[in-house]
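Just passing along the structure, written as structure tokens.
Each chain carries a letter (A, B, C, D and E) given by its place in the written order, and its residues are counted from 1.
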Amino acid sequence: MTRNDWQDSRGNKDRSITRPGGSTMEQGSAPADRVETTNAFLVGDSMTGGYGQGPDILHDCTIAVDPGEIAVIVGPNGAGKSTGMKAVFGMLNLRKGSVRLDGEDITALSPQDRVVRGMGFVPQTSNIFTSMTVEENLEMGAFIRRDDFRQTMEQIYDLFPILRDKRRQPAGELSGGQRQQVAVGRALMTKPKVLMLDEPTAGVSPIVMDELFDRIIEVARTGIPILMVEQNARQALEIADRGYVLVQGRNAHTGTGEELLADPEVRRSFLGG
Amino acid sequence: MIEVTDLHRHFGGFRAVDGATLRIEPGTITGLIGPNGAGKTTLFNVIAGVLKPTSGTVTMAGEDISGLPPHELFHKGLLRTFQIAHEFSSMTCRENLMVVPGDQSGEGLWNTWFGRKRIADEERALRAKADEVLEFLTITHLADQRAGQISGGQKKLLELGRTMMVEAKIVFLDEVGAGVNRTLLNTIADAILRLNQERNYTFVVIEHDMDFIGRISDHVICMAEGHVLAEGSLAEIKANEQVIEAYLGTGLKNKDQLAGASA
Amino acid sequence: DAHSPIKLGVVLGFTGPLESLAPAMAAGAEMAMSEVSDSGMLLDGVMVEPVRADSTCIDAAAATSATERLITGDGVVGIVGADCSGVTGAMLSNVAVPNGIVMISPSATSPGLSTAEDNGLFFRTAPSDARQGVIMTEILMDKGIESVALTYTNNDYGKGLADAFQTAFEEAGGEVTISAAHEDGKADYSAEVGALAAAGGDRLVVAGYVDQGGSGIVRASIDSGAFDTFHFPDGMISQALVDNFGSEIDGSTGQNPGTDSPGAKLYQDMASAADYDGTSPFSAEAYDAAALILLAMQAAGSTDPAAYKDSVMDVANAPGEQILPGELAKGLQILKDGGDIDYVGASAVELIGPGESAGNYREVTFENGELVVVGYR
Amino acid sequence: MSSYNIRVVALFSLVAVLFVGTGFIQSWNVALTIFNMGLISAIMALGVNMQWGYAGLFNVGIMGFVALGGLGTVLVSTPPNTEALAAGGLRVVGGLALGAATVIAAIMAYRRLKTYRGWITAAILLVGFFVFRAVLDPGVEAVEAVNPASAGNIGGLGLPVLLAWPVGGLLAAGAAWVIGKTALGLRSDYLAIATLGIAEIVIAIMKNEDWLARGVKNVIGLPRPVPYEIDLQASSGFRNFATGLDADPVTASTIAVKLAYAGLFGVVLLLLIWLTQAALASPWGRMMRAIRDNEVAAEAMGKDVTARHLQIFILGSAVVGLAGAMMTTLDGQLTPGTYQPLRYTFLIWVMVIVGGSGNNWGSVLGGFLIWWLWVQVEPLGALLMEGVTAGMADGFWLKGHLLASVAHMRLLTMGVILLLVLRFSPKGLLPER
Amino acid sequence: MEPLNALVSLANFVLIPATAYGAQLALGALGVTLIYGILRFSNFAHGDTMAFGTMAVILTTWGFQAIGISAGPLPTALLALPIGIAVTGLLLLGTDRVVYKFYRTKKAVPVTFVIASLGVMFVMNGLVRFIIGPDDQLFSDGARFLITAGDFKRMTGLDEGMAIKTTQVITVVVAVIVVAILFWFLNRTRTGKSMRAYSDNEDLALLSGINPERVVMYTWLIVAALATIAGTLYGLDKSFKPFTYFQLLLPIFASAIVGGLGSPVGAIAGGFLIAFAEVTITYPLKKVLGYLMPEALEPDGLIQLLSTDYKFAVSFVILIIVLLFRPTGLFAGKSV
């Protein structure tokens, strides 16, 4: 990976923005079980691509999710999980493969257009507008909506009651778990047809993690398919209908959450024994 | 080793650390847990000199170190790692290690011009030491890679490695596990345990992963709302009602409902 | 070979703080050159070509480099310039003197240059400020004005003039209530005007530049009612002042170099015909500087600075026939015939002592939005 | 040879060609004049590069340090003005000492006191200010009254002018220490504007404190470290030497003097390059890179970031001050009114960025290249405009307008070059390795 | 009457000019602060942008005057403003397309933008001189005064006059209106909120369906409007000269920084703080005290805290003092 020359972070006290680095983890040995994806609601099908002119990070990687389902992606650091999510969301150029939503090929659409088509995304980090109030954060979630979104907002307050109390507070003043709730709420404001979450529980306390998983299940119960990346793999796979293990940008293992949890190979290599 | 007495740190009206009092015994590995926003990182930052305390004292081996800047604490053997990895991204991993020791004569400008022989000798020794540390961490193959280009977990290993370049007395680790693959986390846990046993480092570890805490620490402190809520062995903590209510929770409630819905 | 053209340098601050004065000055100098070329009478028909260079007014290094280029690259045999005293000094000592090239500055008025080591190569058509201070004092005292506020542009010109004036005025029994500098090209002059107004005085003396802070001060003074009559030294007297303020400054007085020779008027007409502003500060002096160099060459019969530098004083001063702007051909002819001339030019040139203008001034007032010349001193 | 080395050789050859070409096409005097100032520019760029390239300090107050170096030259090399010193020298020194004491007392009060410290500090400052003025002002008046038209200042020490160069550097270093102590904690853009402002304050003081170095009345005729051309021309030895070389004595003398300057400046530049390169390649350089990469981590790894920033800020400023003193010596005069940020701050920045920040050789390259352009854009622009307007009818308004605007090509070109380099070679022509 | 005279004198020489100047600085600083807040860099080309905008207005004004359009007692330039803004907007959008957009897509660090803006500054600097020349240009017409000092004296019978210029009133009124609109726009409208969202978190704004290029476009258009308005008001009140506009950059930046970069309220407060500091600290109290004190105690000297030579230094000393105690300005600005 060549460094971007325009990004030299010289300058007093400029925060150095560190990005997750490349991976050197050994690749999973088990062959990828092919999954039936052609008819799934959201599919990133055989995606190959990387950042800018850099090397490919994803190699023929397939991720799919159906309505009412929770699909979880796990894998070592730098495996390309976040990259895969971004690829599905159109934030990097695919060299091969396609992305389909509800049967329609959306590979060529820009992220904004995907938002319009009903995709919601909560990135791994900095996923709220810290200087804006909770309510404004939710409003921004509804940015593309032209109709009256007040009702949706009420629904979100019902789902995350704490946010109703803090609606006038700048989101930057909230605790980690509360922030994650704002982030999910923001994504839900678009009334998404599918919700994508990148490590929603990273760094949150166990109680908040449980709560978030609870809420995610609640959202899924309303019929919205959820695609998420998790490092707390064991808990995540427990609630997952589908699980994908990615290694070096490739599908290493695929199955239901229980299957993956039961697979000794997966346990040893990716779930910490 | 470290004693924190009635420590306060306020931001405006907000009391992030509010009367924390605790003791870290030498040679132990202490786990520090607590809800988000409990003030753990702030406590670390105050002890490590990044923030000045509003009131209260921190002593290390009997000596008052409250308010000392980080670089002075470093020379007293107090080191810390960061919640988000802070590697020197444009330098190689080896250089990241070699830069650490603070007594290098080559850091004085005068010597760079008139003491070049001595510097060359020191550098050789330093390089050997860095390679040793890389080997300990099983990342020798990354020695000449720019630290900005290694994976997140490897960066955390590198951070740990930096503490091994000097004779540290106490090391503070802030959420080494967040976002790190569990298998890699096991490697890190091994490294911590080995450092503790082989070099007698004292550790204080913030972590939300109870398995990890359980694996490494002899003693656990739970903070909430800026002060210490409970302390003891992990088993004691896990049984503590207050801790369960504020932090651990009782597990998922909705799980069965989901199964029902998708069935 | 007498028929190859000679080159004269015109080194002025085309960019920088005085960038707005430079074009009219250059135009003046170049008009004199084309007048001479057209006449075909300089040393049997030598043509004169101007070569411009930017003095930047502020960057001594750039000015020296440019001058170096003119002298050693383009081979100029004389230089009209520079405008600001600072760069002029650097050019003189670093390039002109070492290479033995004559420099005539139309506008560097700093007294310090009088004593600069110049090997007889440096002249100026603008008088040193010391003299003007005395003239100003006389004019004001004659009007019975004994208390003035004083503001000056914060450079060697302004400061020198202000010092000279203050000394002369206080010696004559007058009172300077405040002497406050103003920086050119700044955003706002309310603070200066506030201070000047608070100090008070019968009149405000503005030793600045008309297209710079000077106008800003006058504008703010009139607008706030701090002062409504002013006294203007040479940097301020120009058509622009009349255009800017019209009858708002009625009753104000001033002086600038000049004699009762009709030269100034003639020059302004010539400038208007050539489509530039002849009243712009130091434009007339620039014309005269170029004319002097060329006349001196004719008198010496050579374009070699070493030869003609000694003739500059001769052609500039009496005795001889008076030469006005537009009459350069006549002057060349007289010199060719071995006669004497007394170049008067557009700014009533009279060189004294170390080669600077003697300082004949005309006294002006402003009436009904017009500049009226009331006399000469 | 690596591609980097090829690049170095190619670019420096290009610069060499530019200067040699200037020598052949215009004249060797022009080439040397530009070259000498190029040397000074290179040193200034080197100083800025130390601050920016090594430590990421965004200093936009270069002008102030250049000017302080110039002040140093006057204070060292001009003869003392005994009359003025007798008239008010003591009071001036006393006043300044009182001023400094006031500031120190205020800082001590602010640090030590617990209660009412704001008020007490303010009171100390206020009272101190009036006492300072009361002591200083009469002294200043007395000094300035001594022969104001040609002196009116305290003069200097009357020492050899070469000694002024290190002193100019020291003066700049002293100012940098004060500035660094107060402003270095600021974040990038805030530091930039603070330094920009401080530079303006330095210039304001130099313009208005006539007793110091005559203010805007300028000091001219500063002594030189090399002989005068006319003296050479007058010496028969030199004339014989010139004729021996088959050269005209005037040209020979002007070139000889310039070569002498070039030698002096060149020695300084080479010395600085050696010092900086040695420092960069050592653990010190590694530490600086670490600090630049990540201050927080460097601090946690025991590096005293504040002290190192201060160190590099002072060193860089001293180098700039040294260059400023050299420039004033070359000019032979100190003219405070001529210090403008466009020329002495922003242009130096263009040199550093175009050359390649973090790379010493890049700064040297940038210094020479940009200075050459700064001077030569003028004639080149005129040529260009003549070319462009050649096809237009005489008297066509645009033709006249374009020809009259040629002088403004200079700024335009500098901007365009900066933008082009930033775009196509963002780390400069010679990137840091 | 004496205290009244003192008050009027103070108002005439301190309050009124400082208010008008403060409003001019505030408008300029708003532009700087907006760019910093949303596009995240200090735009060194802002002074020259103001010069360019004003030049466009002047050229249009001349055109209007030539064909006989006028705004009665108000300056014709006000009519020309929309055209000037449009032209400046085009220039800024063009600059963005040619220069800044590239770095945005590269996600360059802020300092790269700052240095690019230096380049733009050089170019615009030359461009303006190229088009309109380096000279002073007068373009104000209409009534100069609301009330002149003389009229005021006659009306009130006081010894001291108080002049209020049309341009001063226009400046303050326009500044208030513009600031009000800007606040309403940023805090209440969808586009305004999307701009704040973008400034807060660029990537997330993208994920919310906000089109970053639109936000950038709106920012530049608003900046064009602010710069042109500020420049024109300034030019009407004083005069237009490219070099002066370049010099304006310093007090404008000082204002924006004192207030806290990125904070619109800060920019306004900063503008007034700098303007009042420059005027008050150097204002001699002689006259005012003369009115207030009994005859015997009337001061001899000027009672001036600092000579006007240092007025420029005053604003920077204030700047530095503020930054020492509040490193990101009065209103806790951002820093990137």
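In the analysis below, contacts are C-beta pairs under 8 Å (C-beta built on N, C-alpha and C of every residue); 3 or more make two chains touch, one makes a residue touch a chain.
Being a predicted model, the structure only gives us computed values, none of them experimental.
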{"item": "Contact-graph separation of chain A and chain E, given in steps at minimum", "value": "1"}
{"item": "Most distant chain from chain B, judged by the mean position of its C-alpha atoms", "value": "C"}
{"item": "Chain B and chain E, separation of their C-alpha mean positions in angstrom", "value": "49"}
{"item": "Length of the line joining the C-alpha centres of chain B and chain D, rounded to whole Å", "value": "46"}
{"item": "Whole-Å gap between the CA centroids of chain A and chain D", "value": "54"}
{"item": "Between chain B and chain A, distance of the C-alpha-averaged centres to the nearest whole Å", "value": "28"}
{"item": "Multi-chain contact residues (two or more partners), chain E", "value": "108, 110-112, 129, 133-134, 307, 309, 312, 335-336"}
{"item": "Two or more partner chains touched - positions in chain D", "value": "58, 186-188, 207-208, 293-294, 404, 408, 410-411, 426"}
{"item": "Multi-partner residues of chain C (at least 2 other chains)", "value": "15, 17, 19, 23, 154, 181"}
{"item": "Residues of chain C that touch chain E when the two form their complex", "value": "15, 17, 19-20, 23, 154, 178, 180-183, 185-188, 190-195, 197-200, 211, 215-216, 219-220, 223-226, 240, 243-244"}
{"item": "Residues of chain A touching chain E in the complex", "value": "4, 6-11, 13-15, 89, 91, 111-112, 115-116, 121, 123, 126-132, 136, 139-141, 143-144, 186-187, 190"}
{"item": "Chain C-facing residues of chain D, complex", "value": "25-30, 33-34, 37, 40, 148-150, 207-208, 210, 215-218, 220-221, 228-230, 250-251, 253-254, 257, 327, 330-333, 335, 337-340, 343, 374-375, 378-379, 382, 404, 407-408, 410-411"}
{"item": "Of all residues in chain E, those that touch chain A in their complex", "value": "103, 106-112, 190, 193-194, 196-197, 199-201, 203-211, 335-336"}
{"item": "Chain B to chain D touching residues, read off their complex", "value": "48, 50, 69-71, 74-75, 79-80, 82, 86-91, 95-96, 98-100, 102, 104, 106-109, 111-113, 116, 119, 122-123, 162, 166"}
